[in-house]
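Labels for the chains are A, B and C, by order of writing; each one numbers its residues from 1.
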Amino acid sequence: MKLGAQKEKWEESMWMSWLLVFVPIAVALEFFASHQYLLIFVASSLAILPLAGWMGHATEQLADRMGEGVGGLLNATFGNAAELIIAFVALHAGLHQVVEASIIGSVVGNMLLVLGAAMLAGGIRYPEQRFNPLGARSQATMLMLAAVALILPAAFQEAEGATAAMVHRLSVSFCVVLLLIYALYLMFSLVTHPGQFRSSATTENDAPAQHEGNAPQPLWRSLTILAAATAGTAWISEIMVGSIEPMVHQFGFSGVFVGAFVVAILGNAAEHATAITAALNNRLDLSFSISLGSSVQVALFVAPVLILASHFVGQAPMDLAFRPDLVLIVVMSGLVTAQVAGDGRSDWFKGVQLLVVYFAMALTFFFLPA
Amino acid sequence: MKLGAQKEKWEESMWMSWLLVFVPIAVALEFFASHQYLLIFVASSLAILPLAGWMGHATEQLADRMGEGVGGLLNATFGNAAELIIAFVALHAGLHQVVEASIIGSVVGNMLLVLGAAMLAGGIRYPEQRFNPLGARSQATMLMLAAVALILPAAFQEAEGATAAMVHRLSVSFCVVLLLIYALYLMFSLVTHPGQFRSSATTENDAPAQHEGNAPQPLWRSLTILAAATAGTAWISEIMVGSIEPMVHQFGFSGVFVGAFVVAILGNAAEHATAITAALNNRLDLSFSISLGSSVQVALFVAPVLILASHFVGQAPMDLAFRPDLVLIVVMSGLVTAQVAGDGRSDWFKGVQLLVVYFAMALTFFFLPA
Amino acid sequence: MKLGAQKEKWEESMWMSWLLVFVPIAVALEFFASHQYLLIFVASSLAILPLAGWMGHATEQLADRMGEGVGGLLNATFGNAAELIIAFVALHAGLHQVVEASIIGSVVGNMLLVLGAAMLAGGIRYPEQRFNPLGARSQATMLMLAAVALILPAAFQEAEGATAAMVHRLSVSFCVVLLLIYALYLMFSLVTHPGQFRSSATTENDAPAQHEGNAPQPLWRSLTILAAATAGTAWISEIMVGSIEPMVHQFGFSGVFVGAFVVAILGNAAEHATAITAALNNRLDLSFSISLGSSVQVALFVAPVLILASHFVGQAPMDLAFRPDLVLIVVMSGLVTAQVAGDGRSDWFKGVQLLVVYFAMALTFFFLPA
């Protein structure tokens, strides 16, 4: 994710701070109404949103001090910190299926829901919007790589004579390859070809506006906020994750649906808000870099980190060998997004097309037997 | 389908009127040689062609009176009336497999056979032809949506624990979603962004020519023709549909082959003729709007209408959960067409490429055991 | 493959001649150390490289005498002669699985490994390189046709009631269709639209340089070299093919891995060297025509010729009904290559993306149980 993108992203998300009121509510419910799983889930979900916002804001402040190179790296690494924390907690609780589903749901949701909503919102205000197709193409290719990296192990585990140990070795090798290509992608987008990902309009107009708005904050303040928001996210995540399984049982949802279409949306709420605001301000390049950038980050950085970490955290290691239905929706989303984003033009109906694909997928998983 | 497209389409198809001689022949065969299933099938098929042409001509006349908005809607809704009637009759006779196959065959045939033949014909006369890639891209995306809407339920019904009732509920929901997105697509192409689907060349040259050629006809005349042609189509469709199953048994064809590659071609004969003529006149935009427009219409309007209607007509309701092999050919056709149509240029070899894909599919289903 | 491409290709590959020293080494090992299968395999593999180079060089010389039309045809037909000979020998030895895997490995390797390495090499020297996207698009479409021609029979043989005889008939029909479309493709690229496949830069700069460098050789000399190199390739191929199965057993590799990712690379070594050199000289069009041109040639000419020939050579006929995992990697490679090659621009990271997909595939087949 680009520097400018992150900056605007978290400034926009500060309005969420009043949601912090749900932190004590979630804790109180957990204590005094510990069987109201749905209420606990909703309250803790709402409480996580502002914590994630503050965490991002503090990361951004730190990144600003570091200069473009290291700062960009910091953002690219911790830009999805909330998602990472929730997934770690779920991994620790042994909820592999929820983790798997929330990774895929985040990849798919950023491509279809976040980008689709931004294109629709921008398209209602402007008959046609343009964006730099080079960056979008490059990110679409990265998502095709991610699809390949999901398809191959999923196919492998169906092969005759393939043992769990073999799947495991392949999975670990693939995670290392994904982290490597992600590192090269950062080098490409931050060092050798940053121009491909920047729209000229954005860089010219924003630089001064941001310097005015962002008086540099003391280092200790950023670090304190980061520590507090991280700790808070982890704490409330425990409460939320603890409510998932009993809630799923009580209401007969499938765990995959909750992971992919509910939990995943929480982690992307801030991206969602900023991508729409950017599109309304006719800065669709920013919407693209936020939405597709997050998809790429989750697929090629968050996912392999989680899978490698699962060997140290939690009861059993997790493999990069996902359910075929989850692999399928990534492949379809990637193809549709590449088609929609290929020509550098956007209108409201393209947004609707992405949203319909997302909605059709959500509907299918909603009807899926638990 | 655009107004101009429809207009030319049916004018061109008037030469088919002499085929009306097959109406009495089909009826006579049905009476006096009721076991000559192949002959009955061929005669009734040929008889349907001019009836479909007249039905379209009358719809067009009515649409002209209504002004661009309502007229466009009328065309978009009844543009594939012949296909709809044949499918209803087959549905009523309980031939679900034939209906399913003819829907898919029509979607695939318009993309590959009609467009391929037009590109080949145009490419033989002109070394290179250009078309507006915006409309083609938008329609290719719609066909990808259609593919997603076919893949998801087909995958769903393979899921562990998925009951027929669940598949049914998902199918009905998807049909409603498809009709909704089709309505939005009409709004997009007729109201907010009509320019994307019109080539400047076409609109300039045609408007006057059409006004000269089409003296407005009295309303009662159009309505009478429409009623008569519709009644005739339904009547002959009964004869044709009745001959399919015994013919298939007698000759050992698979029903899917007959539905997808024989019945489907009948419904598209008029489109076929006009698309080729347009390409020969170097109006490839019109060929695109006819062929891809019909595919979109069948996939996103005719199919869901038929499926929803199957709850009221026929012995058993039909679901939007098609055979995997039919889903596969839609996906492949969509990808190949998007690739071929993506750059706004056409030559004879692109036409050959589309035709070869169609021919390979037809060959595969021809060899398929009944 | 274009004339200019072939010319440079084989000139560049003459440096390989010193590898001829492995011809006697391979023969000696076969005699005196007939159980050192790995050594025999490596030595005979290295010995084949210069023989293939000389065979191509002589074909090129003959093609030059014939004029552009017949010469282009000669190149297009015998451009992959080494691959064809190795495959024939393997077919004769009954190693159907190795033949199948080496065909797919060659198609995939040319697209991903050869083109990826060229784009990476060129991208390290130049920040951005441009190529004519028309030819690349056309070849990508041909590879999609090849994918369709692999998917349909693979799906067909899974159909209920499909007998081996039916698969066989379908396979033969498909081979004939592929050869037909390949003939039309040659007509398109050599006769009616040669401009689509030629970059203006290439034709201007090269024509004189080539005339200086290539003094026409006597006909008898070219024919003698061709005969000797062909005989040598066939002879050493027997030794190499004979070592595959025992080597595979001894080391526990899967035969598919050896066929697709070892044998296939041998046949493409010359292409590999020339495509990289061309990219380093900022002639990326040539790299594209070599790599994608070879993929197309193997998929649409070499494969059907081998399958049709298998009725006369070898113990049992082979069908165009490949393993689903091999079909899968062709489809994925085609989609990724179409995405990467679609916009006429290249940079180092695009090369890395292609290479990573290739590496991920190789890894998967490496881990596959034998």
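Following the convention adopted for this analysis, a contact is a pair of C-beta atoms (placed from the backbone, for glycine too) under 8 Å apart; a residue touches a chain by one contact, two chains touch by 3 or more.
Nothing here was measured: the structure is a model prediction, and the numbers come from that model.
Of all residue numbers seen at the chain A-chain C contact, under half occur in both copies; the interface is built from largely non-matching residues. Think of chain B turning onto chain C: fitted on CA atoms, that turn is 120 degrees, to the nearest 5.
Centre to centre, using the average C-alpha position, chain A and chain C are separated by 41 Å. Annotation for chain C: residues touching 2 or more other chains are 335, 342.
Across the complex, chain A meets chain C through its residues 133-134, 137-138, 140-142, 144-145, 148-149, 151-153, 155-156, 159-163, 166, 169-170, 173-174, 177, 181, 184-185, 188, 192-193, 335, 338, 342. Remark: chain A residues 127, 325, 328, 332, 335-336, 339-340, 342-343, 345, 347-350, 352-353, 356-357, 359-361, 363-364, 367-369 touch chain B in the complex.
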